[in-house]
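Take a look at this one; I'll ask things after.
A, B, C, D, E and F label the chains in the order they appear, each numbered from 1.
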């Protein structure tokens, strides 16, 4: 058994704000500070998607990264890139758009598509800025 | 005469869209593509501000970069960071929010404040993404 | 249970040397090479601080990163930044200033302050240069 | 017990192609796409080598990184750098030159030399491009 | 007149060797060192393409970067990416494949296509590694 | 005439402080802030050295970058790396150790050695941190 972890990086640019509809504007401002700007702000997000598996003898691949790239494009980049996370993205409807909640939602979009290829999603990393990022391993 | 060029980097996160109000939605979509998303998108912008001058003998400084940092914060970061470039930023009112137009507007904000300190703004660089950026030298 | 790992990056610039007072200069030179330069050398250190936790439903946050930023500033940046690790930093007194020993000492400074907020420090990464870095998980 | 993980980064530039000799050219093209270009292509590889151990009290080191640097140079950089992975590298003879297979082969070159110093290899990361990389922990 | 300089980054991975056919192997080895490895080596090249112009009032663009991206793809990436610079690339036939010669050849490919759009190519930067790169301004 | 600009990157780690001996400690603290820490601080400096010239037909080189690398090592890295800029570096004796003054001093070290090879030094860039850097073109 020789598991290798293979990662593909993707990028998308999106607008969002941190806002809890159960709170008034003052409370949102107090908790989220400038991230609660009513007219939105935005980020260049960077996503790292890691697959765990053994390399196939005939290809040397854990997974063909072109297939992984296509899954990421269809399931994440197309619905998110150059969009508003709070308003435009079906899988974020009714959710907070913090990096933490977004990375869980992206996992739930990617995991079934990767499993359907017989592969195993192991890890996501999502950079919101060069100073802030989140990691997710499916909840463990 | 020994001119040195000194640069300070700053960062801000903002939402925007590329949209010409004289055109209908279809035309905006055709020209600007996904950058015309009606609900905005956003970026982590990175700004490089370059001063030209001779180092003062008693300090070795062309300009005290703490002063430059403060000017950038007051004139650029405070009005832009975590804001919507189209809606929230006084010096972008009525302007396209392309990187080209934004970098000219930032120059016009910074140049008088830097000149008032007896220093000379030489160059700005503004990254919109890791793949796209603009440079400006005051129009030359 | 859906744990997410959230990271905040910080930076500080410090002088140090690797020197064992029980050894003579020749022995220090032999073991530590140019890192034992008597008049010090220095680095731009980069620190990544990772919190483990479940996002709170009302905020989407594992931990408010502004609070984490403030803890890092008070406990690490203020005592270390623009200082001499061997001479100026109380929590490094009498210790070797290798990246390994420094990362353990930083953990011991940060961990109680993060725990006091009800959060859990999971991981530190400390870059000494672009080619050398250390990771620490509390000793495991 | 206070384990720290210490990493040294190395780089090498090499040519390769992905090609399975049991298949004809059309099949190789179909599976590997442009990576199967008959006349090769190449990469700037970046390798991160991580040692796990407790810092020695007299040095503060898990391992002297100069020794680790020398091992990486002798066992990896000298045989691989500015070479053709398929044709020139003894430890890749008869193997696919995917990132996955290469990282396992590099582990098998480094691990005995690091163990011989009484140290423990914990992790390798190998970047093929800024968008694609592999991690390996000895097969676990 | 307010000229702005706008840059698009592209990347390609290629094999090459430095080899002068007028010299024997020993002379090539002496002059080019490991860059003369007979079986090739390779790089992840990074290309920055800079356009000079005034932003158009109706778009805020000096040039639509999607058009520039398409020109770079057709004229540079398609013929070079995942290819052998010495053997596979029509516009490098009979030329040395140093970074200096390559950047001039790329200019000559890009310049007419950019001019045909009514735009002006100002500057190219070509990274061969993180430590080595070339700049070209059309020969000035 | 087809001038190309070729750059080699180098790095060095050094301690320094900003301190004017004609001033008392309070004045130094006021002007230089935390950069005046009496026990020094330090940086990972990054230096870019750019040569201007026409590629030689037989090599495709403006200058053999191995020769340039050796000059940088002998004239800059050996005297500066892992040293104290204020105390240990002959060519900084009696000078302020600001990035501005340092980049001029490095130019004066490199320029004669590069000229002696028949080549032309065009530009230096010196990063003190990721946020601060200086450029120098020989005083123009």
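In this section, a contact is a pair of C-beta atoms (placed from the backbone, for glycine too) under 8 Å apart; a residue touches a chain by one contact, two chains touch by 3 or more.
Since the model is a prediction, treat every value here as computed from it, not as a measurement.
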Report summary line: Chains adjacent to chain C and to chain F under the stated definition are none
Report task. Note down the smallest number of touching-chain steps it takes to go from chain E to chain F. Result -> 1
**Report entry** Same-residue or different-residue interface between chain B and chain E, half as cut-off
**Finding:** different
Report task. Could you put a whole-Å number on the gap between the CA centroids of chain A and chain D? Result -> 28
Report task. Pull out every residue in chain D that's touching 2 or more other chains. Result -> 130
**Report entry** Contacting chain pairs - touch in the sense defined above
**Finding:** A-B, A-C, A-D, B-E, B-F, C-D, C-F, D-E, E-F
Report summary line: So, in the complex, the side of chain E touching chain B is made of residues 1-10, 50, 55, 58-62, 64-66
Requested in this report: Spell out the residues on chain F that touch chain C in their complex, using ranges where they run on.
Outcome: 11, 13-16, 34-35, 37, 39-44, 81-84, 87-88, 129-130
Query raised in the report: Which positions of chain B touch chain E when the two form their complex?
Result: 18, 20, 22, 31-33, 95-101, 103-104, 130-137, 139-140
